[in-house]
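By letter and in written order, the chains are A, B, C and D; residue numbering begins at 1 in each of them.
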Amino acid sequence: MADAPGTGDVADWWRTSIIEMEPGVIRLRGRPIEDLIGSVTLPQMIWLMLRGDLPTAPQAGLLEAALVAAVDHGPQAPSIAAARMAVTCGLPLNNAMASAVNMLGDVHGGAGEQAVELYHAIDAAGGPGAAAGEIDRWQSERDRFVPGFGHRFHKPRDPRAPRLLSLVDAAAEEGTVTGRFAAIARTVEAELERRKGRPVPMNIDGATAVIFAELGFAPPLARGLFCLSRSVGILAHAWEQMGQGGRNKGPTPPAYRWTYDP
Amino acid sequence: MADAPGTGDVADWWRTSIIEMEPGVIRLRGRPIEDLIGSVTLPQMIWLMLRGDLPTAPQAGLLEAALVAAVDHGPQAPSIAAARMAVTCGLPLNNAMASAVNMLGDVHGGAGEQAVELYHAIDAAGGPGAAAGEIDRWQSERDRFVPGFGHRFHKPRDPRAPRLLSLVDAAAEEGTVTGRFAAIARTVEAELERRKGRPVPMNIDGATAVIFAELGFAPPLARGLFCLSRSVGILAHAWEQMGQGGRNKGPTPPAYRWTYDP
Amino acid sequence: MADAPGTGDVADWWRTSIIEMEPGVIRLRGRPIEDLIGSVTLPQMIWLMLRGDLPTAPQAGLLEAALVAAVDHGPQAPSIAAARMAVTCGLPLNNAMASAVNMLGDVHGGAGEQAVELYHAIDAAGGPGAAAGEIDRWQSERDRFVPGFGHRFHKPRDPRAPRLLSLVDAAAEEGTVTGRFAAIARTVEAELERRKGRPVPMNIDGATAVIFAELGFAPPLARGLFCLSRSVGILAHAWEQMGQGGRNKGPTPPAYRWTYDP
Amino acid sequence: MADAPGTGDVADWWRTSIIEMEPGVIRLRGRPIEDLIGSVTLPQMIWLMLRGDLPTAPQAGLLEAALVAAVDHGPQAPSIAAARMAVTCGLPLNNAMASAVNMLGDVHGGAGEQAVELYHAIDAAGGPGAAAGEIDRWQSERDRFVPGFGHRFHKPRDPRAPRLLSLVDAAAEEGTVTGRFAAIARTVEAELERRKGRPVPMNIDGATAVIFAELGFAPPLARGLFCLSRSVGILAHAWEQMGQGGRNKGPTPPAYRWTYDP
């Protein structure tokens, strides 16, 4: 029967451990949805969906702090700008949000993922003492930019990072996390300052990466969680633009002319 | 100067009330980001970004319940399927999520928005007593499908709706919300059963629409908030697929042949 | 068997008349692909795929002119800007192109579709003599903007429209098309000038809509064909940006600050 | 002035050599648009936009053959399936096309780009004689899949490749191209057959990559040009689905259940 036109044995083509459905029944990671609604927080639900178990309240609180911290960094970011432009092109919110999230690629949304990878590499190489060597390796094999440190706009420092690190420190004291990725990140920060002769402070990506690494999220999920978080700001800006109106609003005002290079 | 090639007075081309930035400073809706991190929940942050003020804890709890309820409805939904297929095409998580959220159009992601519109119309026409007339108007002017009611898969009923409505009832008793949109929705449900001669129970869109309407969100935000919520499930499925591997995985197994209509 | 978990009778779920495949065999609209390669032009192939038959050479030539005309309108358009920003976010060309094409919504990419609808409405109401009435109806029921006429940048006129119309005229003389939609569009142009007291000349959307209507394409395909055409410019700009480099390039230069409205 | 809030010297932020616009004037690569419309073919226009000069007729013909060849490979491909699903979610054609093109990532749309890279590497290493060594290097450093060869569906061979190669041969005889990338590709094909003990014939990606390499397109443009070509099939399938109707059509029929792995 598998060879008959228009039919086929489709068993096992798609498999999932996330959701189980029958008529009238939805179980997420084995738990009936009606037991979760009103009982778990949104960050707990995010954790459950991604990992299969429920986090403790302190774990969920740390994840929540990272998600709250990254919701927006203003309309100068290509993603937020794209969402606003999309609305003026007549797109509804879902398409505007998609246009924006699509922009969170290796350069815009991937720094957190890369920072977790760097922290993991330092950890695997023995911890903070291996930071200098792993920074060298990163710059020679991957990119001259060390992900998660420095900010072209926020001088002297990104205001989100110290606050996030203080929450990690508190969680480490309480035993929620070990604190070893915070130590690694601070060593990277110190090493970069030593090399540059000026501070290259941890930024939002470097700080949320500490949290994601402390909580045991795999590197690609740092990007995924950032996408969830930034989607909040994207939605807010798209909605604000919808209220302002505008039609086919280009990035720059009409008086501006792009430079033509013959 | 505005007319010189390559320059232009760009003041006021883009305006926002959401975020204010200076080097070292980020304020969201007037609040320093470091005061929000670790202090507000993610649903509170969502509300703040969209509306400019912070909700009370009970308001945020009701919003949180709606966001938790809608995270996933399985990979048979085109959005989730798209996320999984995208991963097998080699896309990283941000592009997979965008591909999926893009799918949440008028038919897939717009039912909640439409349900809020219907409830508003009934409310504006005088409340539950106006439900039958507004259903008639909806079906003659908009669509024969009454948004938010009935489910082709969940018989006898969508398990999420009763749980959400019970939370609305509790919130109404405590004075968090008025409960008038819950009453409207129940009247719609009863009227549809009367007309069809069988239950056409409220579904997830109809129930979350009650919450969004009770909390004062504009109709398009019902779609936007659904996109935020479903992004959680989308991310989880994309990540699971990444772990499973697969290359260029089509919707149906290779043995299946699409029917060719000459 | 249809009810067994993980299986199902999938016959007829997806059906197509476009393509027929067997191992070693690809037929498009019934024609072996190897007979088409090197034998038909790209516009002929586009027509064949959309409509099932091959156009005559003059028909294909007129379609080709419309596709050539609309490839680019500069990086001030949100779509082109999105493609360039996407590249600086680290996206490869496919994702950059998708981000841009997504922007071609009702306002940005839908004017051609709407213009075909307007021409059809005038034609159905009796032809050019019905233009004034149908313009009134459009403005009262749809939008105060009459699609396809006027241009905020190109004064006195969009240079593409007269050239395209002259090709339609030549094709009408040769009997390739009837020319009745060209007559309708010119009547709309004259009527708008009469009402405004100044020229409101046909723009690219109004002119390509004449071609699409003359050739018998349904209104939504005017948007679809525009997306194909503009994809050329989108690709060119994305590729140029890739050569220029840049990281996370926002819409406006860093010195520019978005206006904050407290 | 550059530091005043809301303003900024925006000169040179965006630069392009593709298009020059003034009111009433559009020049693409220095040529007035009205001189191009009706005078150049769509493939010539694509070449002009990407490279700045016009191709000869034989060069354009070879490019056209590649673009015609790759328009569609059926709805089992994730991209085409996504376009059709998108339409059933209520998306208009531009969003459906974007959803599909977005899927053409490293695995689905990147094989042609990778094949050009492989051919370039062999060419740089001395030509066909270097094929075996470069295949080894590719498999050890990049991927065990050699891009552009073999097909899981088309046995014994992809019908598009031989036809395309015969066109390259003819063009080489006429002096349009050198034919050295065709020789390289055939050596790869022979080497893979020698290693596997069975044919691993060139597929559509391997064959169009020969054409793109012969014509001097950079590797990423192989992906970009494939996106343009496949957009034709994507549009056709989206449009066909629009005619068929369907609401929220999942990848597999409702009777099918995804396998739940507890």
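Remarks
One rule holds for everything that comes next: a contact is a pair of C-beta atoms (placed from the backbone, for glycine too) under 8 Å apart; a residue touches a chain by one contact, two chains touch by 3 or more.
Keep in mind that what you see is a predicted model, and the values were worked out from it rather than measured.
At the interface between chain A and chain C, over half of the residue numbers involved are used by both copies, so each side presents largely the same positions. Among the other chains, D has the CA centre that is most remote from the centre of chain B. Simply put, chain C must spin 180° to overlay its Cα atoms on chain D, rounded in steps of 5. With centres taken as mean Cα positions, chain D sits 21 Å from chain C. For the pair chain B and chain D, the distance between mean C-alpha positions equals 36 Å.
Chain geometry summary: the mean Cα position of chain A and that of chain D are 31 Å apart.
Residue positions 6-17, 19, 74-76, 81, 91, 95, 98-99, 102-106, 109-110, 153, 251-252, 254, 256-260 of chain C are each in touch with at least two other chains. Residues 2-3, 5-10, 13-19, 21, 23-26, 28, 32-34, 36-38, 40-43, 45-46, 49-50, 61, 64-65, 67-69, 71-76, 81, 84, 92-95, 97-106, 109-110, 153-160, 162-164, 167, 220-221, 223-225, 227-228, 231-233, 235-240, 242, 244, 252-260 of chain D touch chain C in their complex. The residues of chain C lying in touch with chain B in their complex are 10-17, 19-20, 30, 91, 95, 102, 251-252, 256-262. For chain C in complex with chain A, the residues that touch the partner chain are 6-12, 74-79, 81-82, 85-86, 88-91, 95, 98-99, 102-110, 152-153, 247-252, 254, 256, 258.
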